[in-house]
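Pasting a structure below so you can have a look.
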């Protein structure tokens, strides 16, 4: 399976599970001294041409507008893939917390503490906070915005995104007494 | 991709995301001195023949029963497409508010104030209110009924519909303390 | 499109919208002095062979175990199709009410009062109550069990089922203050 | 339909209904003096090669990491298939209860008492508790983790999983007053 097919395979799963809607979310994989990222405005289940962004140097205008986060993550960590999604329960719960502690088994095992950071989407400020947080872990939520997961592959990044949303959903559902 | 295929592509996405159920919702695109609209009772993911409605003149009986809203929008604004859906969280939240202010990043960016208007579905009264509201923005909710989004294309109208529903869902989920 | 294909087309939509899960739900269409109904245990999106049940006379053992409801509806009314589903919001809300009054536009228009009846699933007692209620309307909920919609076609019965669930979902969501 | 196709058919349904996300969940069928189980990390809708695990003897490293539960179930009961999923409402409700009593018709009929057991996922301790509980019934929830259903076939195990989740969802929805 080539890179384009792998992006599409994972994009379809992200969408089928409701982890992204419309043309939101973006994904990248490390590639040499840069990374391949989805286009700005692309539907993740139909990503078409990927865009190559170097870690240093000019960024093609068609790259996802959140390329700064991906670039900072690759600069600061050894992650080989980054998945950004907008899972509704994770977004909602992040509005009231500085960090999320799952109470389901998978969350406790794979992301016992999910940090919440702040900053305007697309900004360098937010990019640096996400990247700095992902040095020590795989998942972070930008308050009111969405998840960023650093991983060894797109599949692993998607799986972690799914766990974070499942954990946040269980947390919210467990409040209904 | 021709017009019919584009309507179907967007209709499928509206349905997959749960933004419309059954044979609800309708869509149109501006075309010369009129517009192409989905048939009355059509499933948006399977729209079949579209109906041409002139801005002035007789309306074919098979046109969506909400053609008045679409016609008024094109008469009063420069929008090139209109998407009407029944997203459940947007409908629910509209029952108690005169306007909705998203608290998630995408809502804050793309529809910081979502007006709520009232009026019987299909009526000229409601059509004029929706059209008047869409002169200054892209999204409006008719209380207890659904969203109307004016845009440059069906895709843009669908994306905005998806943002509105995401924002309303996050608003409701954030109430679970 | 033949009968088997029509059952499958509607069954797929019922399932895609989450109106039935697993192998629940059943559907029938009037046919001469009897009706065609889905098999007991059939998946509605994959109904395979339909079963003919006469209004009077022996019932084939492979017919849906809820054939009594369908038979009573055809005996007492002019409905040409019956759709039974297990929509979760309609089931939940039926537990605390004797009748449901939608507050969304579609519910107010198409099912302003949805009666709730009681009785053990599969029993003659429940069958008679559902049939008696459907004489005057298209939709009824059996408490804690599911919806029965009488209509002129499977499509119409499915659309009504979808409206009932949408209305109940909006009612429940509107409680989140 | 061969075994691999049957696993995939059921895996697709589990995923479509939201009963498992990402690469979670696992399934097995009894086969002679052992059982066939999904691979560790496999997507249930795309299970690829199954793994044979003997009731006694070495376990291939590619077997699902929850093989212990499946093995104990087959050792202690006559079940011919085991389905493990992570349905969100069942997981959430299990956090606060020692046993769940459905209030919807299907739950009352097919799983009137759903026991909740505890124990670390993958552990022998948890495996023994699940297996011991499944001797007398078909469904159990491991607190904060997921469901295990013992049955005569994968289809029956999936149907029971779907009922458990439906019942737990109705229970939670019925709290919204």
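Chains here go by letter, A, B, C and D, matching the order in which they are written, and residues are numbered from 1 within each.
The definition used in the following text is that a contact is a pair of C-beta atoms (placed from the backbone, for glycine too) under 8 Å apart; a residue touches a chain by one contact, two chains touch by 3 or more.
Everything numeric in this text was worked out from a predicted model, so none of it was measured.
Among the remaining chains, the Cα-based centre furthest from that of subunit D is the centre of B. Note: centroid distance subunit C to subunit D, computed from Cα atoms, is 30 Å. Per-chain Cα centroids separate subunit A from subunit C by 42 Å.
For subunit D, the set of residues that touch two or more other chains comprises 176. Chain-to-chain contact here is organised cyclically: the chains close a single ring, every chain touching exactly two others. Contact residues on subunit B toward subunit C in their complex (touch as defined above): 15, 18, 21-24, 86, 88-89, 91-93, 95-96, 120-121, 142, 144-146, 172, 175-176.
Considering their complex, residues 13, 16-17, 103-106, 108-109, 158-159, 162-163, 165-166, 169-170, 173-174, 176-177 of subunit B touch subunit A.
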